[in-house]
Structures are given as C-alpha cells and as structure tokens.
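Across the two complexes that follow, chain A remains constant while its partner is chain B and subsequently chain C.
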Partner chain A sequence: MEFGPILRALLRNKLGVMLIALQIAFTMTVTVNAVYIIDQRSERMARPSGLDEANIFHLSSVGYGNNFNESVASTEDLALIKAIPGVVDVTVMNAIPVSGSGSSTGVGIEPDRPETSVQTAMYTSDENVLNALGLNLVSGRAFSTNDVRRGGRDMERSHSVAILTTALAERIYPGEGMQAVGRTIHSPGGRTMEIIGLVERLQTPWPESSFIEQSMLIPEVVDDGSTLYIVRTVPGERDRIMTEVEELLAAQGHERILRNNRAFEETRENSYRLDSVMATILYVVIGTLMFITAMGIVGLAVFSINRRRKQIGTRRALGATRPDILRYFLLENLLISGSGVVLGAVLTLAFNMFLVQTFDMPRIDWFYAPVGMLLLIILGQLASLAPAAKASGIAPALATRSV
Partner chain B sequence: MLKMHNINKVFRTEVVETHALRDFSLHVAEGEFVTVTGPSGCGKTTFLNIAGLLETASSGQYLLDGEDVSALNDFQRAKMRNQKIGFIFQSFNLMPDLNLFDNVDVPLRYRGVKAAERKDRIERALDAVGLLSRKKHLPAQLSGGQQQRVAIARALVGEPRFLLADEPTGNLDSNTAEGVMELLHSINSQGTTIIMVTHDAVLASRSARNIQILDGRIIDDRRAHQKAA
Partner chain C sequence: MFFYYVRLALLSYRRNPVLSSLMVLAVAVGIGAYMVIFTMNYYMGGDPIPRKSEQLHHIQFDYGNPDIPNFNPPPQLTWIDATAMLEQTTAYPRTATSKFVAIIEPPGSEVRPFFVNGRGNSADFFSMFDVPFQYGGGWDRSADLNRDLVVVLSYELNERLFGGRDSVGETLVMHGLNFTVTGVMNRWQPAPKFYDVNNGSFDPIEEAYIPWELIISQELNRSGSTNCWQAPEGTGLQAFLNAECAWIQFWVELPDANARDDYSVLVDNYVAEQRALGRMRQPVEQRLYNVNEWMTYQEVHPDETRILAALAAMLLAVCLLNTVGLLLSKFLGKSGEIGVRQALGAHRGSLFVQHLIEAGVIGAMGGVLGIGVAALGLEGIKVLIGGLMITEWMRLDFTVMAITIVLAIVSTIIAGLYPIWRACTINPSVHLKSQ
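Moving on to the complex of A and B:
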C-alpha cells in the first residue's frame, strides 16, 4: 500500500484537499444530526396509540336549533350506527386520542396534594369505549351501564370509577402499577375515583406531551351541545360505513350539523404533519449535501487526474497495472475522506451537544457517528470510482509524449 | 535480448493512415549499447514505445529476453516492464510531489518488494548517482542534471536487464549531458543492455552501435568497428 507517499504528496497540496475534507466533515455533521432527528421523529410517529387505528373513524354532531335535544339525538344516533352491518361498536367521547385537543387533570394517591399528583389525559365516555376503540384491557373490568353518569356540565362528580393506562398506574404506584385495580385516586376539587381496570395503552390527545402514555377513562357522558362519536368497523368497511353513517344521521334532522367525519388515520396524520414535513425537508437537505459533496469529490479527482496524466502514464511505464492506478486514486480519496470524517465525527458530537443544550434534544446515540463515517467514506469511494477508472485507462505511452 | 521481426505500426484516424514503422527488424544482443537516431517523425519514439512495451505493434513478431510479447495482455506487459525494463525520459518524468526517495521507490512498490529491501535498494541507487544525501528533497529543488540522475536511479533500482532512454540528454546542457552519458556507459559496462534514442549525432557516434531510422525503416545499422574501418 502506498499510504506514506500518497499522504506526503497530499500534504504538499493542502488547499484543495482541505476544502474537500471540510466539505465532507460539514456534510457528515449535518447528515448525522439530521438523520438522528429524523429517526427521533419517525420513532414518535410510529408509536401505537392503543386504538384499532385502521378501522376507526369519528364524527361530530353539533346542535344549533332550540329544539335540539342532545340526549335524545345521541341515544338515537348510537342505536342507528350500531345497527349498521359492519359496525363493531360505537361510543361517545369528549376527545380523540392524538388529535391535539382534549382535557387533562392531575391525579394522586392523597387528596389535595397537588405536588404529589401525576398529570394525565382525561377521557369521558360510555360503557362501549373499550370495544369501540379496540383497547386491550389487561386487568380489572370494563365500564358497566350502571357506571356511566349522564347529565349536564354541573352533574355530581365527587365519586366515580376509572380505567387507567398501565403507564399512568405505574407512575402513580411505582413498581406496583399492575396491582392498581381496587385502589382509590384523587383529583383536584375533592374528586375520588376507584380504579376498576387497566388498559395496555391509550395515548393522550397531545403528541408533543411528555406524558403521552398517561391517560384515564371516566364513565361520563356530558350533554354540552356537541357529541363526538367514535365508530369502529370490521376491517375493510370503514370508508363505506363513514359515508353511510353521515347520510343516515343527516336524514334524522335534529337541527344539528354533522362535521369532521374523518378516519382516525387522517387525524393522526394531521397531528404528525409537522414531523413528517420536517423529515421530508431534512431528507432533501441530506440528499442535496450528499450530491454536492459527491460532485466536489468527483471534481477534485478529475482535476487531480487531468493535472497528472503524464505522471500516471509514467507510473504505467514503470510497471503499474490498471488496478494499481485504480487503487492509487481510491486510496488517495480514502485519505481525504478519512480526514474529513474524523473531523466530521468531532463536529457531529459538538453540534449535537449544542442541540442538546439549546433545544433540549436527546443526546445522539453512540453508533450514529461511526455509521456516518462509514457512509461518507463509501460515498467518497463511489464518487471517485469513475475518475479513478478513467485514470487507470491512461496509456503508458503517454510517458514518452511531450504533453 | 531484443528481436524484432517485420514489425509494423500503423496509426489510423478517420481520414488518414500513418505508417510509423514499416517491416522493422532488429536484433539487439545482451550487453549492447545502441543509439537510435533519425529526424523528427521518423519513428524513433514509436520504436522505443514498442520496444518498451508501452505500445503494441500492428503486426510482426517481438521477442524480449526470448519471450514473444505480442500475445501478452495489458497486465502481463505491465509486469514485464516493471521487472525487465528501465526507462529514462527526456523530461525526467519525476513525480513533483514526491521526494527523491519516494520517486525512486515507485517501480519497487509495483513489484511488491518489502519495505526494508526497498530502503536498501533505493539508498544504493541514489548513492550510485551521488544524490543519497538529498533523498528528502523534492525534484524542484534539484538542477536538470540532478533530476535526470534521479530518473536514472529510478530506472536502475529494479536492476533491469534492459534500459530504454528517450533523449536522456535532450534537456541538459553539454557538461551535464556528458556526466549523464558517462553514467550510462558505466551502467552498460556492468552488463545492462541500453537502447538510447537521441538527436545528438556526437553522442550517437560514441556508442558501440548506431541505428538510423527514416520513414519507419532502418536505413543504417553501424557498429563502432565498422565506423573505424
């Protein structure tokens, strides 16, 4: 291997080499951190909500006339929807998971001790909620019809039952979360709730929240002029039933507006739109940087080869085979890329520390830098392959020509 | 050592066909010092390129050291150049970014010689041309004559049996050229076969054998005793 002579020759032509090495280092710094951000976002977007997402849609009914009776309309609507072939179940709720809008409260094991309380999303619904959302009950029981309270905003709420996510139970009872059924928790205003069940997962309405897995279901249906229906269908029937439900409810009159008839997947997509747009932008940035860097490497290699055509011919005359010449230029690129990625690794970590300190981002995993180094070296080798192959085709007879 | 029989070399373009060598036949015995002269464009360099395996002949037979090289592929030709032939070029053809040591090292690396042996050989070759003390210098830090000495060291370091020199004194003043010629004669006296292309009639007249080429053919092949006679 010709590491020594190539390195010494490169050190005598520092400027071009340094510029390309810096470009590689910069590309690596941006690329590795951008990939890490994309991975973080993708991981967030891939978190399961706990719902049977592919088969759920929701629809709101908002009354506007003086004769609108929400309780009557809701009872009729639920019966009509449930009777449609292909509907697994239907429920009413105060909020949609991962939609961006909902209610939260604090719960704790002691009353009136807000400093010990744990933050949680609070969903109100009826006895059909587990089946209608497709939630997995891992302990205790579901709501019964008798558990569900119905009334206006001012109905009595001092005591009720509740179903918690396992994440919330574990947070309230560290190490004993799975034994939470039967225990009592308290929320502000002197309200007590007996835990009757635990579900494996039910995300909060807020994808950005730090307590996304901490949710609580309360058996309440509040008449406040607006009803949100969540409908679960058998697989493959969702889109058809969405249309059918809207037409059916519209035909009932009731002086109300039907709106937001959407598949849960669409709601979820909307909530994560910013993440997905950011990932796309970062992919474009990475692609552009990689392309520019590859072109820079090609440019330097072509310039360097054209400048040394006679030298290459002389090397061939002195006994270099075509593979020897190919190897020489790939090795030369390896040294340039190698110095770039070593500098890039340092800059990557420094830039990540800046992001951690400034934007409270998580620290980059250790393997991102070596993987980035390897990828940039492969990019460098691929970019210099064509010029190196061209150089290896230079005829040895060039050594005796006066060019 | 070198036997060419009816060698032809034709360069073709879309519009013109140039016969650089025509029915060129030559036998050079081991240990000879042959100069090749002729006007510009007569085919000297083409002959040198074919003799040095830098180009292939269009037709004819060429035996180098008893081996028919006509059928060798590019890889085999490169290996044969590296092992059997030393080159000295008119404009030295040193690598400007490499120091003298690394320049002389080039053919040995392609031969796969181990580092310790390479170092020993390079230092001996540089010592033979009187430039060992400057082994860390770059070519640009040397005079033309010194650069040609480095090129000779590079040609000799692989201990080739056959040395091809293309106008080795063409870029040197007469005093320096004289020194280089003395060095070449000294190398020849140790058994290395040398073929030297030159424009210089005086230098040619001092060689044991001079071949004159015109229009791709040998028009004169004289040995020193014939001239003397």
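Moving on to the complex of A and C:
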C-alpha cells in the first residue's frame, strides 16, 4: 500500500496537515454537540400534550361595566358555541395546557404534610372538559353536572372530586397509581379531593417544569371577570369556526371584550419558540461550519496538488494510472481527516462534559461521536474528490517539461 | 509605502480571486456569527441601567417552608411585607410594584374598549428607574397615601388613546373608574426588563401605571406570577393578602454604602421580628441585591445564548484556522514573487510589513462583509423570535461594528503571522532557479 510514502509526504508539510486536522476536530465538536442539543429540543417539543391538538382553539371573554353578568353571559355563550355545526364540544377552563401560565398546588395522601406532597398543575373546568379537550379517560368516570360547583372568588371549596393524570396518581401512590380511583388526597389549606377518574395524559401549562405530566382537574367554575372557552371542532373545521364563534359572541352585545382567539397549535408553538429558534440557529451554524471546512479542505488540496504537479507528472510517466493518483490524494485526505476526527472525538466529549456540568444537560449518547466521525470523513472525501480528480488528469508529459 | 502595499495586496487578491474570496468569506462568516451572539449576550447579560445599577436594590426575604425539600425562596414579596417595608422608612426612594390587567373604555364610540397590561407602583418608581417623560410626570407620595385615581400612560397607549397629543389632565375610564392622566412617558424599553424579571425578562413594558395600593383598594385584576408556600386561611381577598403568597416586587434606592448598611440593618431587624412571630423560617444567603446581582441571582441571562457563545467561539476558531491554512497556501504560492523581490534587494522587514498589510486587507474586507453577515443574522433571529420578546435592542450599534472590523483585522493578522514568517524566510535562490 501507499501509506508509507503518503505519511512521509505529509510529514514534510506538518503545519498544513495540523491546520486541517484541527479544523475538522473543531467542526466535529460543534456539529456533534449541536446535533445533540437539537435532538434534545426536538424531543421536548414532540411530547404530546394529551389534547386533540389539531382541532382545538381557545377564546377569552373579559367583562367590563356594571351591567355585565359573567355567569349569565358564559351560560349563554356555551349554548351558542355548542349549537354551531362542526363543534364537538366546548368547556370553560382556568388555564390552557402548555401555554406558559396557570395555577399549581401540592397534593398528598396526608393533610398538612407539605414535605410529602407532590406538585401538580390545577385545572378547573366543567363537566364537558374531557370531551372538549379530547382527553383519554383510562379509569373511573368523568365529571357529572352535579359535580360542578359555580360561584365567585369566595366560593366554599373545601371538598370536591378530582380527575388526575396517571403520571400524577403514580407519583402519589407509587406502584399502584392505576388503583387510585376512590381514594382521597389532600392539598394545603385543608382541602380534600376524592379521585373519581384518571386520564392517560394532560400536560401542565409549563413546558419547562419538572412535573410536566402531573395535572389535576377540578370541577369548578369561578366567576372572576374573565372566562376562557376551549372549543373542539371536527377535523378541518377549526379555522372557519374560530371566526364564526368570535363574530357570534361579539354580536351578543354584552359589555365585554373578546381576546386571544387562537388555535391551540399556535399557542403551543409559541411556548416552544425558544427551542425552535435555538434549533434553527444551530442548523445554520452546522451548515456554515461544514461549508467553511469543506472549502478549507478544497483550498489546501488544490494548493498541495499545484505544488506537486511535477511529481505527479513524473509518477504518471513512470507508469502510475489515473486511479492510482486519485487514490493517493483520497488516501492522503483520509489520513488527515482520520487524525482530525480522533482528536475531534476527544474534544466532543470534553465539550459535552462542559455542557453537562454548566447547563445540567444529560450526557451525550454513545453513538453520536462515531456517527460524527464518519460524517466528517465522508465530508473530507467529498471535498477532496474534485481536486484529486483534477490531479489525476495531469499529463505525464509535464514531467519532461522545463526541468 | 502603506498605500503601495495595499495596492499590491489588492493585486494579489485579483491574481488568486477564488482562494482570496474564500478567505474573506471565512473571516466574514466567523466574525459575523460571533458578533450576532456577542450582541445578544452583550444586551441580555448587560447592565440595563448603568447609571444606577449599584444603587437600586431588591429585597429577598427568608421565604419558604423548610419542611419542603429543594424549595427555592420566592423572589417576590407578600402583601404584608411589601406594605410593611413601604412604611418602615421613607428616607430612601422605594417602590412596591406589581402587574394588573384592566379594560379601558375610550371616550366616544369610535374606539371599542380594549385590554391593557398595567402596573401598580409607588410614586418614586419613575425617578428611581429614570423613566423618561414626554408630557407631565409621575405623582406625589401623597397620591399613594390618598389612593388617588391617577395614571401615567406609556407612549404607545397615549398614541392610541389621544393620538399622541399632550393628554395631561384628561380623564381615562379604566376598570370602570375615572383616572386622571398626570404624565405620558417617552418611548422606554429597558432590556432586560430588570424591575420585574418574574414575568418575562424581555417582555414589553406595561401601558398604564397607577398607584400600587389601588390594585387592592379598587380590586383590580392582579396579574403576574404568584407563589404561595402556605395556603390562605379562608377564602376571599383579605385571606389571600394575609397569606404567605409572594407576588410583589420591591425596590429601594440606596445612594451609597452607608445607606445600604443602614437599610440592611432595618431589613434584618424586620426579619428578626417576623421570625419571632413564626414567619420567615427559611434562611437566605443575602437579603439585598443590587440590579446586576439580582439579574445574576434570578438567572435572567438565558442558557441558550451562553451555549451559543461557546459554539460561536469555536466557529470563529474554525474560520481562523481556515484562514491560516489558506494564507499559508497563498503566501507559499507566491514564493516565486517573493524570491524576485528579495533578489532585487527588498529586505525581510519590508516583506514582512507587505504581507502583514496583505493579511490586514483581507481581514478588513472580511470585517466589512462580517458586519453584513451579523446584521443579516440578527434580522433572521428577530424574525424567528417574532412576538416572543421585545427585539428592539437587537441591533448593531457603532461600537459593535467598530469591534467587528478591528477583531477581523487583528485576528486575520494573528492568523497570518506564521504564514507570513514562512513566506519571508524563503531562500530566494531556490525559487529563482525554477523560473
């Protein structure tokens, strides 16, 4: 094989080789870690909320003036919305899942033991909530009309029923979460709640929270000046019905304003915006780096070939075939890239350790580094292909000229 | 001589346009990307009110329940403590402040009622935070005490309601109450929004400002983050106010170290009193934070930009390595020319200067193009972020542009030192022979 001569030739131009190898090492470090960050963000963004996301929108009604009666208006609104063809169901709620704002509390199996309590999002809603959100009830029953309590902010609320996510039930009763129906839980301030049902999944309003799957539904409608409607439509009708609902409610002549009429998908997208912005920036960084590195490889390859035109001509004159020359330069690049990616693997892991320590990110999976190494070797081969092909085209006659 | 060398550099650029353009491009991309991240870090981690950041202080009380593991003390104040701190001393400018939402009913029927984000704050708020006014000004401390219905409008709200004219003295119906306008702000957009980092550190400012006590006395709709570590005893507003629920920001302006010591004693005494009453059981490390300490403590600076800063530094490193490599090829490719110049009597020093200038010219071109790349990058990020946060501050100012060009030139020259040295130490006879 030609490794010997290639290696000796490379050693004559140590710095050039080192530069390219270093460049490849840094490119690999950035690329692999960036891809790893993107993967993590995408994983976060892909978590399902538990809702029938594509067919849900929300709308808020905020009253003003002395003639506005919230409970009258909301009863009327709910009936109007429900009657629109294409509406599957509608409910009122205190907060929107994954929207960034809502209410949370602690719940536990014993009263007044905050140290044993588990944190959960608290949603209040009416009897239609499961159908309007498209939640999947896996145990127990849904709320009935009789469960729902209505009133002002001062309403008595020391005891109620509750529907929990299975994740929350599992946290409260480890190992026997699915048998939680019928049990009683406590929250601070002496509130007790009887668990009547479990839903498969319902995320909290806070995508970044550590307890994102732990949510609780309470059948309660509080008149506090502002009502949030959540509407589920049949597939494909959401956008049309969004406009229709807003026009219909506006035409009722109540002293209130309607705001935040938005598809759930959009609200969700906004909550994860920083993640998607980060991913886009990282893609641009990766693309730029790959381009710059490839150009660097091309530049140096062209240069080193130009310096060796005569040698190449001589080799050709002595009987080397075109594929021989091509192979020589591809092998040369392989040696350079190879040492680059080995260094790159070390740097990648070092940088990942820095990320893990500084930003509390989980450690990189084992396969990232080998895949990155392979990728950069392929990049190097592709980048040196054109210069090497050009080199193999050098005529043997060159050797005889101007000696 | 300098201009002659610059001309030579340009000539040399034209002789090898692809390689040279590649170098300029690499420098531009590296510097541009670095500047985008630098600008974001500069503002996100920067001092939002440099003139007073040492004087303005936020209080952190010993909040929380020691029985709950890993409970970070909430950074805001409870109603009991905020009102108590307002009364403790009036010697220093201070403000309790929190957000509310309300509906404004504009006079006449052309404009429909609309929703505003408002802020309740004490009279001193405006002077403490250097709020610029277009018309009028804030209100007196007496208005705080008398619960006067006065309001300060943001520039944008005054545009919307009064078409931008001087509206001082006009009446505004908000939350069904008649407020009198005392002042209109000029455009103001602190970034980070340091006085309230609990509700979006890069959110736009509020539109209407009223005496803070009105939020409770007139029962406006509070908004913003609320954190309770003990449930209210009973229901209703009063129970909530008396509960261990933190939802108020509290700032005090302490002009010097003496004032800080003085106020610190006051806070410590207050905590001791409250502890005797069975409250404030979770000790904290520090109770008074100035603006920059508070920004750090509240982790305003997002992880994202810090990760990107590290990545951008590596991107810059790759681009410079690339430049070193390409310069090396270019200068060694010129060995024939260098040999001729040396043979004609140019000594090493002047060859060195010539190539230094050649590298500098490439750096300068890269820097200018880099400004373009940076501007483009910032615009791109603005578009991506959209309405998520205010982005007015994301721009290249003159300093950043100057830094860009200088950084580009200096880094290209540093990157070029080795290739230049190699080029200048060529033995001329070898290259003359092969001509």
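Following the convention adopted for this analysis, the second predicted complex is superposed on the first by the 402 of 403 C-alpha atoms of A that agree within 3 Å, B and C clash if a C-alpha of one lies under 4 Å from a C-alpha of the other, contacts with A are read in each partner's own complex, and residues count from 1 in each chain.
Throughout what follows, a residue touches a chain if its C-beta (ideal position, glycine included) is under 8 Å from a C-beta of that chain, and two chains touch if they have at least 3 such contacts.
Bear in mind the structure is a predicted one, so any value in this text is a computation, not a measurement.
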item: When chain B and chain C are modelled together on chain A, clash or fit; value: fit
item: First, second, both or neither for A:355, with chain B first and chain C second; value: second
item: Which superposed partner A:9 touches (first chain B, second chain C, both, neither); value: first
item: Per-residue contact with chain A, leading partner among chain C and chain B; value: C
item: Contacts of A:306 with chain B and chain C, given as first, second, both or neither; value: second
item: Which superposed partner A:320 touches (first chain B, second chain C, both, neither); value: first
item: Contacts of A:225 with chain B and chain C, given as first, second, both or neither; value: second
item: Chain B versus chain C as contact partner of A:187, first or second or both or neither; value: second
item: Which superposed partner A:397 touches (first chain B, second chain C, both, neither); value: first
item: Three-chain overlay, closest Cα atoms of chain B and chain C, distance in Å; value: 11
item: Chain B and chain C contact sites that coincide on chain A, given as residue numbers; value: none
item: Chain A partner contacts - residues on chain C that touch it in the complex; value: 19, 22, 25-26, 29-30, 33, 65, 67-69, 103, 105, 112-115, 175-176, 221, 228-233, 235-237, 302-304, 306-308, 310-312, 314-315, 317-319, 321-322, 324-326, 328-329, 332-333, 380-381, 384-388, 418
item: Residue numbers on chain A that touch chain C, as the complex places them; value: 15-16, 19-20, 22-23, 26-27, 29-30, 33-34, 37, 62, 64-66, 114-115, 117, 153-157, 187-191, 224-226, 255, 257, 259, 270, 273-274, 276-278, 280-282, 284-285, 288-289, 292-293, 295-296, 299-300, 302-304, 306-307, 351, 354-355, 358-359
item: Chain A residues within the chain B interface of the complex; value: 2, 4-5, 8-9, 12-13, 310-311, 314-324, 395-397, 399-400, 402
item: Residues of chain B that touch chain A when the two form their complex; value: 45, 48-49, 52-55, 74-75, 78-79, 81-83, 87, 89-91, 93, 95, 97-99, 102, 105-107, 109-111, 138, 154, 158, 166
